[in-house]
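Chain naming follows the written order as A, B, C and D, and within any one chain the residues start at number 1.
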Amino acid sequence: MAGSSFGQIFRITTWGESHGRAVGVVVDGLPAGLPFSEADVQKELDRRRPGQSAVSTPRQEKDRVEILSGLFEGLSTGTPVSMLVWNADARSSSYDAIKNTPRPGHADFTYQARYGIRDHRGGGRASARETIGRVAGGALAKLLLARSGIRVAAHVLELGGIRAGPSSFEEVLENVEKTPVRCADLKASEKMLEAVTFAREEGDSIGGIVEILARGVPAGLGEPVFDRLDADLAKAIMSIPAVKGFEIGAGFEAARLRGSEMNDPFRMEAGSVGCARNRAGGVLGGISTGLDLVCRAAVKPTPSISKPQQSVDLLAGKDTEIAIKGRHDPTIPPRMVPVAEAMVALVLADHMLRSGFINTRTLLEERDF
Amino acid sequence: MAGSSFGQIFRITTWGESHGRAVGVVVDGLPAGLPFSEADVQKELDRRRPGQSAVSTPRQEKDRVEILSGLFEGLSTGTPVSMLVWNADARSSSYDAIKNTPRPGHADFTYQARYGIRDHRGGGRASARETIGRVAGGALAKLLLARSGIRVAAHVLELGGIRAGPSSFEEVLENVEKTPVRCADLKASEKMLEAVTFAREEGDSIGGIVEILARGVPAGLGEPVFDRLDADLAKAIMSIPAVKGFEIGAGFEAARLRGSEMNDPFRMEAGSVGCARNRAGGVLGGISTGLDLVCRAAVKPTPSISKPQQSVDLLAGKDTEIAIKGRHDPTIPPRMVPVAEAMVALVLADHMLRSGFINTRTLLEERDF
Amino acid sequence: MAGSSFGQIFRITTWGESHGRAVGVVVDGLPAGLPFSEADVQKELDRRRPGQSAVSTPRQEKDRVEILSGLFEGLSTGTPVSMLVWNADARSSSYDAIKNTPRPGHADFTYQARYGIRDHRGGGRASARETIGRVAGGALAKLLLARSGIRVAAHVLELGGIRAGPSSFEEVLENVEKTPVRCADLKASEKMLEAVTFAREEGDSIGGIVEILARGVPAGLGEPVFDRLDADLAKAIMSIPAVKGFEIGAGFEAARLRGSEMNDPFRMEAGSVGCARNRAGGVLGGISTGLDLVCRAAVKPTPSISKPQQSVDLLAGKDTEIAIKGRHDPTIPPRMVPVAEAMVALVLADHMLRSGFINTRTLLEERDF
Amino acid sequence: MAGSSFGQIFRITTWGESHGRAVGVVVDGLPAGLPFSEADVQKELDRRRPGQSAVSTPRQEKDRVEILSGLFEGLSTGTPVSMLVWNADARSSSYDAIKNTPRPGHADFTYQARYGIRDHRGGGRASARETIGRVAGGALAKLLLARSGIRVAAHVLELGGIRAGPSSFEEVLENVEKTPVRCADLKASEKMLEAVTFAREEGDSIGGIVEILARGVPAGLGEPVFDRLDADLAKAIMSIPAVKGFEIGAGFEAARLRGSEMNDPFRMEAGSVGCARNRAGGVLGGISTGLDLVCRAAVKPTPSISKPQQSVDLLAGKDTEIAIKGRHDPTIPPRMVPVAEAMVALVLADHMLRSGFINTRTLLEERDF
């Protein structure tokens, strides 16, 4: 059934396959009166797009966004914003080999099991090209959040087992685009880059951890009981291809702490309630505390590797071997950074509207009408 | 806005506060023709109920479920099943101290920030008593799943830093109720119990990891793109109070593996497609593979500790100290076991109906009408 | 699948069967800070309850509402409000005859066809007792709307072919409870009462038209494209048992007008945009104009009649005859008045929250926190 | 908030403005394995498209559909189907006059009141061009329904006060496309055509009634309590621009019948339960009876008329006069026929999937995989 939509009030619906004619998104629920342009969206798509560095697939896609509706004289109109990107450099023939031989770690087998048919070319719907729609929708969410003083930033915290040192929110913003691995710790970046290179040379791939931060989130965002802010963030992040884990604040480390270590003591800070530390990661009881949101995604190594692997021939019903050709990222986290930011921005925009922090009807003042 | 419902087709709506008159749930979307009784639901509630052992709060609640609708002559009728449990042993006066002093690590401050008013007694809506509704709804989900050969089991994998040794699915089922810590590794259980006792004696608390398994899930369950099985599981588990992290299969460990280590090779097994191992945890591309679902929740230590903590007086607007009295679990994972099972069962039942593996209209055959 | 919920932000979920233990509703999405009490809800339920006059069933039900959650110190807390009414005077044995013989015009046959099982006693889930939950939820919606100056009123416009003369909004409010037929035109009321009496004496029943008005609705309420205010009103009204038609403004009469007659000319009225007339019924393009909402429901005659009717014996698979005993309303519209008001109030409250006219987070000012 | 989606399982999301770059739809929830092509969709769009006859606007649009996703080797893949139509013949300058002067009977004023900004060209989002997405989505719904033996047909029952004589389902199918007014009664068609011509010559417009029929709907379709088949049909039909009323079966006439006249007696028909007549219109208690669905939409006269009308100048804040130029249909019902069919098909397809009559996972048999 329909599972290609995300969000309650600010809702995106993505569509498209890797080697189909185009991929796109419909953004419904963007309030009227937001200034934006194709350039705002393109800026984010350019961060996501392949072929940019040694750590990503050489597939060449300009990924030029076209906005087809919902924008009039530079402002959102409150009606759905439809955006698309044409698929250009699709070499479908490289995928003939996998039509009947599912790639380990990929969705080939499970799509076949579910639907009985699949567009196998380039992974079809399961391709990371689907995330173009998320990033385009997330670009609008970011613009909306910026008006309320909320900023979202992600970076690669760990890659191939190499852990970055601590960085402040501002350092992340400043450094993340400086290196192809998108790690805010520039020293660690170099080692990560070596690890990527080494893995690729061996026909293998590596995984890592992406950390996403949000600053400026007001206290009081999130819904009990099921639509908690952290539960919605978990769903958002876990819905990104290749993510196998999610944590917020102390996360899995919390399992090893004492209550007295984990609880963040409250204290007055310039007339407001603050916390001496932020092991909660900005959420208590599913509702934001006003401190920075801090969450992390565990990303598995790219399943597409050139090393030979065991698989099965679905037609013949017997074991076989597969060596994946084609153009692939040797590691996913660097390219996931803008996608993870987009998903977090989508959750926050949706909850800002759900909780009444941003008016759903229009951003324009009565006097502007 | 409305956030107290979970599920698309099999949907529960929970209601109630810790010290209000009752807590309950409405289950909508249960197909007609399922045999069940209050005893089926009571069995699960008895596993969740407090006052059972040294590791849980001494609050005494019988937690007798009453089924008020949707059940006729021993069968579900396809109409909503309303279930409630009256609150009995509620000592509200113990909570006067926290009315204006939010407990660190609790939802007191964030509810106040969100709503400007809250039922502070016993944590109100944020209390773990809310999970009674989930467990009651989950009991029906389990019965439904059992008809399709699906079983769900959870156990405490780690507590206070003590990790259990490996257990098979059947061992988990067999051992989990044998010890108060609900760990399938009986040896590790003893050490865990000591850790709990030690923490409580110090007026402190400990966290842990709950692992949830599901066996018998058919290949092909889950929806691309956003309603992936693992994304919905993540939301379900992260919506349980005190959970700070979620992972599936190799989870965070996947971030440190090579692609060649992480990918589970396919192979033919008695005419069907299987896998040589299960690092994916039963899901690829958001759709089930047919192997066991294996996921884990990171649970923080109980925030209610008797040790004095820093907090603020919201009325006076200044720093103060708080020492939490009342009856509390020194650790949460053992009591979370039935709740985590319920949430996973709810996700699976919903997706079995969404994907057409179970008929939504009725479970009765035409000839039985 | 789950179809017992109504509304997006202000959402009710009703449950319960006519002869089950109780009927009830969970209201989710009511903002925090609304003052209310059981008396507010009871007032509306008393209008709906049977046994009040010659035109309704003699079934005696006190229909005392119990509020079980979401209310604290006289204010809503933003959490779900659970309300129930116990079923008392249920004489199930009168319904043995219909177990296998579906009553014409009733849902007996269709429930059986859909589910293969049904609680046949008193119509089970299809009974008008289900509307208790709607009226209870609608009572809270009305209180919320009143804060924004919105009032909802319904009355019987036509009964058994007798049409009432025109009444103003204030006359409807003033007169509707003065006669058992709930018609604002007191002269027509007398004739309607005669028609009801006459039909009952013949063992038959009559239908009619209920008109629902809302005053104070601001311009700008409603969502393009599918969640139009009038489309949501249509669904709300058509979901009430026995309703066979819905119209807004000129309604079906619009089909016979010229454009120049149907279009309501705009004009300035004390600095605001108004209309010289209101054939649109308060909605253009699915969005409110600021004029009164005026819509109508066509209500069929009560299907339960004592006259013998043709039916079938489902077990024997052959034709038979049925004469319905038990206690029934000889006409439905008078008792539908509070139900129709409730449904319109629910739609308006939901849209006021969706469109940001009422804040979803809390009704309390920051300074009240 | 997001209101551009319709349906629960089979869900369409439409986007686009009359004079924007394109209009389109994303269909999510179409099961895998349905054979279809652009030609199937084009056939329905050709019926909807303007410029076809004397009774419709001379605006020339080819309305060529492009399918961008979800279709592979001639079959649906279960993933979203994105379809678009480019806007070609858009003469925006004709609309300058209405930028600040709302047209009576149009959504100009209400969109402005809601959003504070609108794309005024050609009515923007409120234009009937939005229905292209509905018709394209409905074309797929029809194909899906056809596999289950369900056919949907609509016709103009009344136009400008001229009522057609009765036609059978087959006559409707056969005759509806024979005349530009799309009335199955060919005699009445001629008079209707005269009425249209006469109204246009006077610079005015006329309304009418569209009747929609569905044959082959199984008994047991529809959800209690709120998602009744007739309630969902009402919402679907009332969401079409210019519809002011909806009725099913006897509809408003039911208000004037006795119970003994309205109730359709059951009887055995070749071993199944049937009815001697169909005043219910195919639905009892919100669930289908298995008889033909029969419902009707009251359509107001086209609000765009060339006769001068009173309006206001929103900028100057004073009364003014408006005479609408541009190309408009003198009557709407004939062009609404395919749109109404589409909406009914969408509701039926959604409910067939919701009720488990059609499998949501895939239409392919296991052996076809």
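Going forward, contacts are C-beta pairs under 8 Å (C-beta built on N, C-alpha and C of every residue); 3 or more make two chains touch, one makes a residue touch a chain.
Here the structure is a predicted model, which is why all the values come from computation and not from measurement.
**Q** Using only Cα atoms to place each chain's centre, name the chain farthest from chain B.
**A** D
**Q** If I rank A-C and B-C by number of C-beta contact pairs, which comes first?
**A** Result of the comparison of A-C and B-C: B-C.
**Q** Measuring centre to centre with CA averages, how many angstrom lie between chain B and chain C?
**A** Centres of chain B and chain C (C-alpha means) sit 38 Å apart.
**Q** Nearest whole angstrom, what separates the Cα centre of chain C from the Cα centre of chain D?
**A** Chain centres of chain C and chain D, defined by C-alpha means, are spaced 27 Å apart.
**Q** Can you check how far apart chain A and chain C are, centre to centre, with Cα atoms defining each centre and the answer in Å?
**A** Taking the mean C-alpha position of each chain, the two centres sit 45 Å apart.
**Q** Identify all positions of chain D at which a residue touches two or more other chains, and write them in rising order.
**A** Counting only residues that touch two or more other chains, chain D contributes 1-5, 8-9, 14, 79, 113-115, 125, 220, 224, 354-355, 360-361.
**Q** Give every residue of chain D touching chain B within the complex, in rising order.
**A** Touching chain B from chain D are residues 8-9, 79, 220, 224, 354-357, 359-361.
**Q** Applying the document's contact rule, which stretches of chain C touch chain D when the two form their complex?
**A** Of all residues in chain C, those touching chain D are 1-6, 8, 14, 102, 104-107, 109-111, 113-115, 125-126, 130, 158, 160-161, 199, 204-209, 219-228, 230-239, 241, 244-268, 271, 273, 276, 280-281, 283-290, 298-305, 307, 309-312, 314, 317-319, 354-355.
**Q** Report the residues of chain D in contact with chain A in the complex, numbered from low to high.
**A** 1-5, 7-11, 13-17, 20-24, 26, 28-29, 32-33, 66, 68-70, 72-73, 75, 77-82, 84, 112-119, 124-125, 353, 360-362, 364-366, 368-369
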